[in-house]
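In what follows, structures are represented as structure tokens.
Both of the next two complexes hold chain A, though its partner changes from chain B to chain C.
So, the complex of A and B:
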């Protein structure tokens, strides 16, 4: 038997260079594949926390060379029980920068670009640059945002099949205590984050009247101090959860209230937990979930094995339960679907169009900004941009879209009614009446 | 807060000070520090175990740089154990980190007593023959043992411990212990003191659902010759009766009462899982019995006598719509009963200890209290000897996945996990014959495949699964892996292993049962009870 040359990719080569019968349909094993992954595949890791640290390490040791990581947070002492790239002396430094530096020091040849900022601060074309986006986040809002961005790139062919070069795959992980999930999102094929948003139950909030009138447990006393008493006493000065004096104040108020009502159990630790909505987190769960995400990333990129289809849950509380569920895409999803179809007269101005979106039953969009093929047609903010784009409002949209008969435009704004409004991005299919080809426009899939 | 405690804040919220203390007292031995072992230990070092000892006799090779984060260019040619140990130490200076440059297989042969100094041994990437020997050694010395192995896109984790008893199993969902259909006298009297038909609407909407259900249940029993609602129809009528008591649409307490009415319908007495524990032969205690079983013996007496068929009351009540006053006094009634039950249990425990000739004070109040609070949730996990699993696995468990059509439909890949189990064992036979794993080196793949196939068939025959075989695709796939230890697979398998170690050491939560087979092809992994 021939002895292999010593190589750093000794183990990975078995998977990437050898043919397999349980591989994906596009798998082309060989050195070229391995080198292509090194050279051309760009992976974005969103989050440099518990999952992010693991993901960077896992991806760097899974053959990827071009990584970016984005995170707006700085390192805290409470991160150190699991975010293994950080040391005590790193506390206060940006997570993304330290994480990138540590992995590059350790794994020769890997190149990691850190981005110490909010995910919303990056322009859309920043995200379009990556082959695949891996999410290691702890918030539903951030997942929703990235999902909207990635699905926003998706275009459909006339037969309603997703246009392959516009598909931006995502791999998403999440953990809480001994539980976690890993999923893959191929926009247009698998469900996107929005299709299965019901998987994330909304956070339970205590009714204010319970806090004010009938507190029964320690958490009620803490939330009273935090949400009601603070405002009464401090007026406009807003509460800062990272300021220990503020936290101490809430704690002692909560203790007083608990004593008044004979309620046990208020501690400083619980006060922090309730006020900051702390999710317990440990190294092992993060390691499991990140590893699954990294492995799926390699499979999506290389086809070296059949993929997860499409949602894995892990629960280690009582024994060990690993389950795979194949969720189904919501055909009418506003985020990953082909987009709401809107038919317009050629004469409709941008302003009139924006006003229509407010009343559109599927959209209910207010404070709308509009862009077309990367060009900003109207922006609500910042003020300079608003001023600059304001003159477009009186121009017919048809002209702003260079006289095409139909195309996709991207809008963002606030969706929903009353106090449930949230910012969102929507993809719309615009068709102009009386222009070539619009009479027989394909309505299939339109919401 | 000082640094060490703050550092562990997010995990203290899971396993508390006691769990942390158990971790900090533990000493862990790792056998082989490839990526599977290194990653397992990394998660434990971060969590703050007391000490680690890394045992590996090999030197760092270039290939290791591609799958192990804990070695780097500068360490090529040096002891792998030393290199990995140094990196792990960097992660947490509170951990005592040692290494021994020695091949685990040799240590198992030459120095079995070496292992008795540890709380737990994590044995990674061992072949069958070594696993069997180590298992004997650790069982003899009462050392916790966990095996982990990564192999291509598959692998396994297996705990091997004679018995692991858990008091704080901390299940996510567990029925509250409210005794709604069987209130003790103080609770019944308290319920009687409250008028469901009060004319004051504010008072009416602040009666806790526990009181509503106790009273309604009693009323029902009076008119149904002492029986609870049992048929579907009766349950519906019962709920309608609750609904009829509502006087305003915004009465959340009545809504909660209807939603919680199933708690009335559950039968009195202890659950089958607890029944099994008190019926266990170990509940017949002797002077060698563990504290756990002494307490179980006391519990058995309690249930039979003072408890009237019930375990000690847990004492906690869930949050519910209520006035503060009623809630707090209700809470006190439950706590008082729990305390009374605890005092009875404490007496029983002391009596038993005395009878066994042991110090009656030797089990602390705190331990007995925790035992009482968790009495309904006790868990006992037992694991077969590795040798027994290997020589006589539960055939049904294998057969059902290999032959049962329900598991073998084209869309069901669960049979793949069983296939991997067979293959993970077959490659060890292969290696014993040919001194290398199938596909470990390039070239002559076809021959390797047919040799592995022979090993599979002979193994299946030895296991009594005559006539069964595995698909060509799966056998090819295993050869393709060539014993590769992929980093992400190692991190997954190591992550699972470290999670189980934490559960074993903290004695909280429930460790996995059986043999965990990782299926990295489509993640339809499986626990096999072999």
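So, the complex of A and C:
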């Protein structure tokens, strides 16, 4: 008797072909959904390291067919224990290229386009092309950059609700040793990376004088070599943590320093760890976090289940602890918030505009400084910049904004009244009245 | 669920409307916060700030301190500031560009100031740091030495420290080390 072969997508079919009471509001189960996901959904994976390798594999096996991966690094020997798509002969090759090739060899029908470059090197429309962006990164800077790009696409309707088709969702994974997190960022709905940047603990920094005078442990010796000795010997040439010769130099200086003070424990890998602020990566943590991220990606794209709300933390240090926390959006977030909508006549000068902000009921701003897309239109201090920008005060804001009908500007000043005044920053959505080509949408980007 | 087709259409529209427009300059949250700090600076008359790359590039700048009292009276000391894109999550990187005979500043310009490293917090700002640097010149402190020799002299023989500091500022040798004139 012939036994019917189970479909390769059997598990996926259970999620996508049947209705369910846990599904999201717009879920439309059926073959069409499954095929549309294959055909139309483009996923960008940022990072092809420990987490990135897992993510590419998981997403490909989840039925996504159009994947891109971007990573600026080349494969190193020390990656091989956990970045399982790489082999010894791949050392020195770009991670993105090898990872894309290996997953395509294993998973039929998936198409992965690698990008071996920095994330900042891509134009903004590169990012706008994706349905969703999945992050497998190890730095705050890179997350912050991608978050700003993705939130930059967001537009708000005049009632301050996000315009659905401009929402670029992100799924962010991160691991550090036995700990990890997975979160979803739906700009305009859930907190963005900037709303909760305070979640990241600040780096441990040793006082320089401790390093110079009284080192007590191996890390002190390494930081001495990295921060003090390097400058002494190399002058203004900056230290490159990705250059192995530089790292080797710091390591050998640290060893000498440690011998001088009789401190044990300086090793090359500890040197890398201290200098690059690395905590040893654990393969299973990456696998667990990646699985959560891939599942959330599928849930956001398909609506087959309610998404994570909105931040999962995993801790496997002692036993196992998993918790989901619902963080809240910062309504005044400069990156993802709607900003305050202000309608203006084209003739309003910068000076008049600044005066208006003082009386605006939502702002009550005094001592205002203004910038537009990085250009300082008016600065209250220091005196040199005030003088340099003063002549802008008599120019219409419309002209200072190069005649665009709507855009974001950023202001800061003192808000509130009397002795409750507080220094603050505000994002403003400026719309000029009576300008042609005004659509009924407002840019939220530009932060 | 994201509305796939709607999304596709919208994206095509955006891409078309972007054609022919100048590339949009983005301003990071860190830059915005720095701009706020700069626009609220309230410096003593002994400190000035300058922006070598112009008013629209605030992420690197220089602060010049001319103490009006203490061991360093009438010297001119230049500090360079480099601000991270994730400021204020990360402290500014500050170096002293003037070679100075000082217990808390080494000969390569490293500065031992707690708020630049272990005690930095995002509620602090550029104004706080500049005041902190100024304080180093009015109250050099031998308990946090980066220049070991200078610290020892300050602790054991303040008179000699004073004359060493003056000699260094006038341009001359202290021990084996030459200091260019900075008065």
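Quick note on the criterion: the second predicted complex is superposed on the first by the 305 of 447 C-alpha atoms of A that agree within 3 Å, B and C clash if a C-alpha of one lies under 4 Å from a C-alpha of the other, contacts with A are read in each partner's own complex, and residues count from 1 in each chain.
Note that a contact is a pair of C-beta atoms (placed from the backbone, for glycine too) under 8 Å apart; a residue touches a chain by one contact, two chains touch by 3 or more.
Since the structure is predicted, the reported quantities are computational estimates derived from the model, not experimental observations.
Enquirer: Determine, under the contact definition given at the top, whether A:241 touches first (chain B), second (chain C), both, or neither.
Expert: Once the two structures are laid over each other on A, A:241 reaches no partner at all.
Enquirer: Scan A:40 for contacts with chain B and chain C and give back first, second, both or neither.
Expert: Second partner only.
Enquirer: Contact-wise, after the overlay, does A:148 reach chain B, chain C, both or neither (first, second, both, neither)?
Expert: It touches chain C, and chain B stays clear.
Enquirer: Looking at chain A, which of its residues have contacts with both chain B and chain C?
Expert: none
Enquirer: Write out the stretch or stretches of chain A touching chain B in their complex.
Expert: 1-4, 6-12, 14-15, 18-22, 54, 57-58, 61-62, 77-78, 80-82, 84, 87-88, 106-108, 177-178, 182, 214-217, 261-263, 269, 273, 278-288, 290-292, 294-295, 298, 305-309, 312, 316-320, 322, 324
Enquirer: Which residues of chain B touch chain A in the complex?
Expert: That would be residues 3, 6-14, 35, 39, 42-43, 46-48, 61-63, 65-69, 72-73, 90-91, 152-153, 169-172, 206, 319-324, 327-328, 436, 439, 441-445, 472-474, 476-477, 480-482, 484-492, 494-496, 498-500, 502-503, 509-513, 516, 520-525, 527 of chain B.
Enquirer: Which residues of chain C touch chain A in their complex?
Expert: 1-11, 14-15, 18, 23-33, 35-36, 38-43, 48-51, 55-56, 58, 84-86, 89-91, 104, 106-112, 114, 117-118, 120-122, 144-146, 148
Enquirer: For chain A, which residues count as touching chain C in their complex?
Expert: 24, 26-28, 36, 40-41, 123-125, 128-129, 131-132, 140-141, 144-145, 148-149, 152-153, 164-167, 169, 194, 197-198, 200, 202-203, 205-209, 212-213, 227-228, 231-232, 235, 300-303, 334-335, 367, 369, 371, 373-376, 379-382, 384-385, 388-389, 410, 412, 423, 425, 445-447
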